[in-house]
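To keep things simple, chains are lettered A, B, C, D, E and F as they appear, and every chain counts its residues starting from 1.
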Amino acid sequence: MVNFANENEMFDMMRDKLNAAVISDILDGLGAREQGMRADIRPIYQGAIVVGRAYTVITADIFQVIDDPYGGEIEAVDSLKPNDVMVVCTNRSTHTCFWGELLSTAARARGARGIVIDGYTRDVAQISAMEFPTFATGVSMVDSKGRSIVIDHGCPANCGDVLVNTGDIVFGDIDGVVVIPKALEREVIPLALEKVGKENLLRGELLRGALLRDAYDKYKIL
Amino acid sequence: MVNFANENEMFDMMRDKLNAAVISDILDGLGAREQGMRADIRPIYQGAIVVGRAYTVITADIFQVIDDPYGGEIEAVDSLKPNDVMVVCTNRSTHTCFWGELLSTAARARGARGIVIDGYTRDVAQISAMEFPTFATGVSMVDSKGRSIVIDHGCPANCGDVLVNTGDIVFGDIDGVVVIPKALEREVIPLALEKVGKENLLRGELLRGALLRDAYDKYKIL
Amino acid sequence: MVNFANENEMFDMMRDKLNAAVISDILDGLGAREQGMRADIRPIYQGAIVVGRAYTVITADIFQVIDDPYGGEIEAVDSLKPNDVMVVCTNRSTHTCFWGELLSTAARARGARGIVIDGYTRDVAQISAMEFPTFATGVSMVDSKGRSIVIDHGCPANCGDVLVNTGDIVFGDIDGVVVIPKALEREVIPLALEKVGKENLLRGELLRGALLRDAYDKYKIL
Amino acid sequence: MVNFANENEMFDMMRDKLNAAVISDILDGLGAREQGMRADIRPIYQGAIVVGRAYTVITADIFQVIDDPYGGEIEAVDSLKPNDVMVVCTNRSTHTCFWGELLSTAARARGARGIVIDGYTRDVAQISAMEFPTFATGVSMVDSKGRSIVIDHGCPANCGDVLVNTGDIVFGDIDGVVVIPKALEREVIPLALEKVGKENLLRGELLRGALLRDAYDKYKIL
Amino acid sequence: MVNFANENEMFDMMRDKLNAAVISDILDGLGAREQGMRADIRPIYQGAIVVGRAYTVITADIFQVIDDPYGGEIEAVDSLKPNDVMVVCTNRSTHTCFWGELLSTAARARGARGIVIDGYTRDVAQISAMEFPTFATGVSMVDSKGRSIVIDHGCPANCGDVLVNTGDIVFGDIDGVVVIPKALEREVIPLALEKVGKENLLRGELLRGALLRDAYDKYKIL
Amino acid sequence: MVNFANENEMFDMMRDKLNAAVISDILDGLGAREQGMRADIRPIYQGAIVVGRAYTVITADIFQVIDDPYGGEIEAVDSLKPNDVMVVCTNRSTHTCFWGELLSTAARARGARGIVIDGYTRDVAQISAMEFPTFATGVSMVDSKGRSIVIDHGCPANCGDVLVNTGDIVFGDIDGVVVIPKALEREVIPLALEKVGKENLLRGELLRGALLRDAYDKYKIL
């Protein structure tokens, strides 16, 4: 059993000891086989790892500048709590850009651990320098003002073809972003730690020249 | 008001003090809201920044090796003047590759500041080593000989879904490429410098823990 | 004429002295103009260069976990010989992920020089650290178990829109992956070395300020 | 000059005498060259022609069933006035379906002349039978309940890559949908009627065997 | 409750009284919200309606002509039973074509009611003339020989982004193809018949000029 | 052996007795396995069949109205000879529209048998009414003036991913467009006629209830 003094400690441990691939493998084994986001959601800087509780946002494209143009976005960012990861559904918009450096600064001030956007970010150099883990489908320099609005937050939202609920654990690294449904988290974490251990043994055999057939038959993992 | 001894000095200042996002925001404010190129036009090496006057080129795919196969391309490169940025419309061809190291060397010898291609380049390692700012939609090792020809240069050309005229200012960095129409450049540059200053103040507030709502209401930018 | 004590020495020389672009140019001159793979097959770490003999694999997507779920994949990896480069056709599947660190470790143990996948890999951080040259269309953390199977290997296979036969030479670097058909390899290598030499002369002229027209007319290459 | 007792009569005349191609040509001549919608917005039955005043709607995808799930859609349909054409921006959603037979029946009861959707419809057989001119990017049997909501109507909206304002004239036939900005309508209609006449003369020459060069030089249209 | 002398009678009733949209609505209500296939799977002739029990097939692309090139395809067709609908996963191949007139003739001889292909068919004119309900993503004249093989049948298979099991009911008409999981079929059919009835009442109100708001509030369907 | 008084008679016979699928099968057997165009090139009206000698055209997108804006297009159309089929490479442009009714009228006046465009047409209703066989990837109402120009004709050209030479035979019907290289035409036609005959025998067996396995083993075709 895994116990932690608090969530912060748990997420730090997950960041340091686990990876997206092993979490996905364990979810597969538990029958949750559609938890890996689409492959075009990528970290914007080398070494970015995000782990925390999803706080979801949905945006929609618009085509005029409205009053209080960032109203919903500001409200969503100011709602973030420690250990949150913002998870944003823009429905793959290529017309707007949801995120940037100032929003990253504000989110970090609230304790958020990162953001995953099914859409674009900007200020990639600055966000990378401040190491705020940001995952996105692309980069565009345009602002969201007059291009999109937040229509809901804290609701079920599709991100990268995975249905995410506020409170699910989100884990992203260089191999992509995977979502652990709340109901499975207590099972997934210890099993993932155990698999990491077995992979070390298997790797050792392979480094010593074993055939893959023999090594696999011994450890039954890959 | 901004005054410069010469264009070279102006473009160096822009490269050092501005960025694509702030320029796009100012253009938005002036009603020029479609000046950011499509997000798949990306710098080919980390830290590439391009700024200068557009010199446009249009190419077309062909399917045989013709006499003087590089004729139009050579003519276009040899026409470049100091501070030019070549802006190339290949109509998103995936069949050819417009650019490479030797062309970069020749363009730099004419004083060009970089290139933006709605299409492919090659020789990425060599161009990165010589730090010739190159933005492209992708990379392919194939040559243009027998695959495409230059059909016009110095003409209006679509690049990344923006209509570019020779003489417009082009600015590209890690957040993408934005085009300042010639008629707006005297307005855009001082306003962009001013916004950079305000962003520094807003960032300071956020770093001190202000809610985004309060910080935004004070500075009215994001 | 080029002679080598063994294939290993030849591939090391090719890796050190040649590049994908010059090989593609020579193949063009020999009339083999469709040997460059699609531009979305990219190296997963900076500096990756792969060269060796193709060993082909075809996979197909499935939608259930079968007995011995990695059977075909294990058999294909265990069949690799020194200097082989695995070349994998997944028919651009976005549903599965063919490759990972443990497979890289096993392939290297057999003497393989790298892998080119028209599909996804995972374990990008670990494969990059071990410098096993891996080229892929994308990254996903999901496992192949229950998602795809190997249906044949050592057969003709389409990878990146090039038809590859086991035994062809595959060369991949930052400019992409090009395939030298077995019948042309003795012609291609010396011609490619010769063109590299001429490019050095042409580059020298351009660095001294020659117009591209004059430099091209002198060397007739670009 | 063209005068009509009422708009209904004007739209009937346009439907009977004009076509999308000739309207687009006249708009081109007036410098409005980006008024033709993307080619994947197609009529859902043979012979469908739509002409009327745009009434715009924007929808956004959601991922849960909310209270009064059709509230915005009902409000938008009930707002339609005689001669309106609903113009719907779903941001090319493939997740939902905006339209159907019962909505067509309700829209016709309000006097609407048709609908143009940058998104999907259903009930194609029934809508075709009732001859309610419907243009869409595709067909899906799913309902909008729990999949999308109307977020605004009567606002500027992008449909098929054209920015449409409520009150613009929309004309769609088998060649696609073109938008006449309100400010140009008094110029466009008589010029379009005149061009139709010239095309008849040119066609006559061609049918008598004239070379295209000679016929074009005589009438200066094509 | 609905009772039928046999399955044949039940499928004939479904074909005559139901449609894809109403079945999808009922499935939505039962929480099965991902049962509608992707919108690019279309009937190849006007009026085609398919209903029956899924018999699944998975194919994979290959790149050489093998011995007994149609072996798997023949075996799959010869396995069809009365009231079967072949459901084919080609993983959206654009390289091959699965179906044609002679296969339709053979399938009909076994009693099959139609076919749904996430891939291409050919012989559209002949299949339309014989009215064998065929749904496909496109049309190509190429043969499967040397281009693809059947790798499994009677297994779970993804078709149009829906996971289909042999034995599920498949219903396709002009609005697309929807899959009724075996476990839900006894619930879906009577509820769908009931909704068709209510739609008739609602349509009547709308034809008499009711506002949509009022009509919807009365019947609570749309 | 097949002999014809003239080409016109031969093409009429091919139109009446052959189809794209059988021609593709025969080309496959002769090793010409890449002669079928991409599946998105479709006939614009039901029953369209085109057969004749290719006369190729390449266009390129431009972004300004030039002098004599239709010059190249007029020249290409006026060059057509009896039995020609225009084959147009626009490099899949979605920005322009190459063809229309008046051009169809002019082409028919020169004796042309139809047109195949890797790009858009307009005037679909009128071209359908005059039954000029037109195959295209889509429909748009915009004119080519200021959007594209002809850059070459009578040259090698890629259309639908097939390399077409002027003089090749082009055959298009509802199953798509296939290209018979000039060197193979004398072999292809008699073999295609022969296969049509065998298909009739095989169909007869299947209609009488034979298993596909048995019928195929007898006739060895499918």
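A few remarks follow.
Basically, a contact is a pair of C-beta atoms (placed from the backbone, for glycine too) under 8 Å apart; a residue touches a chain by one contact, two chains touch by 3 or more.
Bear in mind that the values here come from a model prediction, so they are computed numbers and not experimental data.
With contact taken as defined at the outset, chain A and chain B are each touched by C.
Ranked by separation of Cα centres from chain B, the top chain is E.
Comparing the contact residues of chain B and chain C by number shows a mostly separate set, under half of all numbers used being common to the two copies. Comparing the centres of all chains, each the average of its CA atoms, the largest separation from chain D belongs to C. Of the chain pairs listed in B-F, B-C or C-E, the one whose interface repeats that of A-B (more than half of its contact pairs identical by residue number) is B-C.
Centres computed as Cα averages put chain B at a distance of 49 Å from chain E. For the pair chain A and chain C, the distance between mean C-alpha positions equals 31 Å. Inter-chain centre distance (chain A to chain D, centres taken as mean C-alpha positions): 41 Å. Multi-chain contact residues of chain A (touching two or more other chains): none found. According to the touch criterion at the top of this document, the contacting chain pairs are A-B, A-C, A-D, B-C, B-F, C-E, D-E, D-F, E-F.
Against chain A, the residues of chain D that register as touching in their complex are 58-64, 89, 91, 93, 95, 149, 151-152, 155-158, 163. Chain A meets chain B in the complex at residues 70, 74-75, 77-78, 94, 100-103, 105-106, 109, 120, 122-125, 138-143, 145-146. Chain D contributes residues 19-21, 23-25, 28, 33, 36, 38-40, 42, 173-176, 178, 199, 202-203, 206-207, 209-213, 215-216, 222 to its touches with chain F in the complex.
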